[in-house]
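I've put the structures underneath this note.
Next come two complexes built around chain A: one with chain B, the other with chain C.
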Partner chain A sequence: MSTLIVNTLKSSTGINTMTVNDLNLGGVKAWVRWNSSSGSPVIIDDYNIISGSDDAVGHVTWTFEKPFRNAYYTFSGMTGNDPQTGTTAGAHGMIHNGVQTASQFGTRAVQDSSDSSSVNFIAEDNSYNGCAWVGISTGSYIMYKST
Partner chain B sequence: MSKLQVDILESKSGIGLTCTPAELFYQRAFAWAAVDYPVADTYSIDQSFNIIAVTFEQSGRVLFTFENAAANDKYIVLGMTGPGNNDANTNLVLQIQPELRPNGSSGLTTTHFAIRNNSVSTTSGQTPQDRDYTAVAVFGGF
Partner chain C sequence: MSILNVDTLQNRAGISTAVSLSDLYGGVAAAWVVFSTNNTNNCINESFNVITLVDEGSGLFRAIFERSIGIKQYVCLASSANGATDSSNTTGHLRYCMQNGVFTPSDFRIHVRNRGNTGIDDNYVTMMFFAKT
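Moving on, here comes the complex of A and B:
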């Protein structure tokens, strides 16, 4: 096991200087893509996700393999019909719903089912779903799960 | 060309977080882009990483092309859209989503992905519309 202890890292060209903390704090700490078209979340690929539990239509609770230091981290997500083969209809969005702790986070995929005169977002199980989280993680090594 | 191979990177101060090259690799964005809509039927890249082209395909329908292709099509696309500085339509819910391309071909491949800019209104429903501000980030695809 080799450990490099440094203050800053700099490219050989002299640009792109950064600290180890810059690298670590600036990185996305978890991401996941999944398919819920059958009703339950099926993970397509992920980083730092150990499981996703189906709590209700559109609603998944994610468990991080390596937890965050606390519950204060950011989240972004998108959802939609299958962009590779699916039809195009409606407006879709991914929101936070339910638990937010250092080790777990709840998401809910929704679709606007409105007609032309109203907006009504309801939960849905979509083919394409993607989320990412950024924050301060705890510090142990984690292996990437290549599938 | 110099190469340094290590298992762990650690701050010299002894505080803060250590990290591994593997963590850094999978934590980074594979690609990102901030684009605008300067003239009708045309998108342009304001700033990007690993996005070589952004193409108007249909109203609200935009194609992003990677400079270096992804190793697989399992990646995620995240993003936001908004009215920017030149758009008076500020009373709408504006969102983007991955989408099949208007010609019916895949909107998510190793070389490109397609999104739709949506306006959601309480009075006029959902409409694909072009926006002055659109930003996307891609994770995975390694």
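Moving on, here comes the complex of A and C:
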């Protein structure tokens, strides 16, 4: 194994410059795509995910292989009910739901219920689901923040 | 301080596909922030390259970058939920996060609304930004 110790990466043209700190803090730390159409999450591909447990309809608790340093990291996700052979009808979304710790995060695929209430949704097991997380990994060498 | 002038990175075995510095730059978040706006927790919990968050109304927030992203052609991805720090911890609400208002290379505004189209303050709001330059 070889390790290059450096502070800044710079292209030969000088256009792209990035510090290793930028790379460390801005890098996507985990992502996953999965299929829940059978009722349980089947991971299609992932990065830094150990497992996804089926906790309820549309609800998955993800465990990160390398955890974050705390519970505060960004999340974005989406879902659709048929990615290849049909169209996605209705309004669907992927929300945070349940556990939120350094090592685990809960997601839930939902559909707008059309109920007049402002809080209702229908949880659903969809075929196309994807999420990504960005934050600070545990044990990272951080110059930007010390706490 | 050390600077490595390089166009492509590749592992020693040559197994991993080489990555150009421009690819690396475009694939890494230029900024991100996690913040709370509900109950007593009205603060930035964690961030990178976001120096201030301005509360401009119910569910309406303006993130100001510490270093300008440089261009307006960046993408913002956001999410919002009650969050685990909320005492009610229901997180059973559907949220919509949308761009709302003026955005520049130095700042960006989002509006969090519930499905009743009402602006709402949550305990777990996240934004991430990606750009190519």
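One rule holds in what follows: the second predicted complex is superposed on the first by the 129 of 147 C-alpha atoms of A that agree within 3 Å, B and C clash if a C-alpha of one lies under 4 Å from a C-alpha of the other, contacts with A are read in each partner's own complex, and residues count from 1 in each chain.
Rule of thumb we're sticking to: contacts are C-beta pairs under 8 Å (C-beta built on N, C-alpha and C of every residue); 3 or more make two chains touch, one makes a residue touch a chain.
Only a predicted model underlies this, so the values are computations on that prediction, with no experimental measurement involved.
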**OP:** For A:Asp45, select first, second, both or neither according to whether it touches chain B, chain C, the two together, or no partner.
**Re:** first
**OP:** Scan A:Ser2 for contacts with chain B and chain C and give back first, second, both or neither.
**Re:** both
**OP:** Mind working out whether A:Thr79 is in touch with chain B, chain C, both or neither, as first, second, both or neither?
**Re:** first
Original post:
What is the contact status of A:Asp22 with respect to chain B (first) and chain C (second): first, second, both, or neither?
Top reply: second
**OP:** Have a look at where A:Tyr128 lands relative to chain B and chain C in the superposition and call it first, second, both or neither.
**Re:** first
Subject >> Contacts of A:Ile136 with chain B and chain C, given as first, second, both or neither >> reply: both
Original post:
Touching A:Lys10 in the superposition: chain B (first), chain C (second), both, neither?
Top reply: second
Original post:
Which residues form the common part of the chain A surface touched by chain B and by chain C?
Top reply: 1-2, 4-7, 9, 12, 23, 25, 27-28, 76-77, 93, 112, 117-119, 132, 136, 144
Original post:
In their complex, what parts of chain A are in touch with chain B?
Top reply: 1-7, 9, 12, 19-21, 23-25, 27-29, 31-33, 44-45, 47, 76-88, 90-93, 112, 114-119, 128, 130-132, 136-137, 139, 141-144, 147
Original post:
Given the complex with chain C, which residues does chain A contribute to the contact?
Top reply: 1-2, 4-12, 15-16, 18, 22-23, 25-28, 70-77, 93, 95-101, 106, 110, 112, 117-121, 132, 134-136, 144-145
Original post:
Once bound in the complex, which stretches of chain B touch chain A?
Top reply: 1-2, 4-13, 16-20, 22-29, 72-80, 93, 95-100, 106-109, 113-114, 116, 118, 120-126, 137, 139-140
Original post:
Across the complex, what residues on chain C touch chain A?
Top reply: 1-7, 9, 12, 20-22, 24-25, 27-34, 45-46, 48-49, 77-79, 81, 83-84, 91-96, 114-116, 118, 124, 126-128, 133
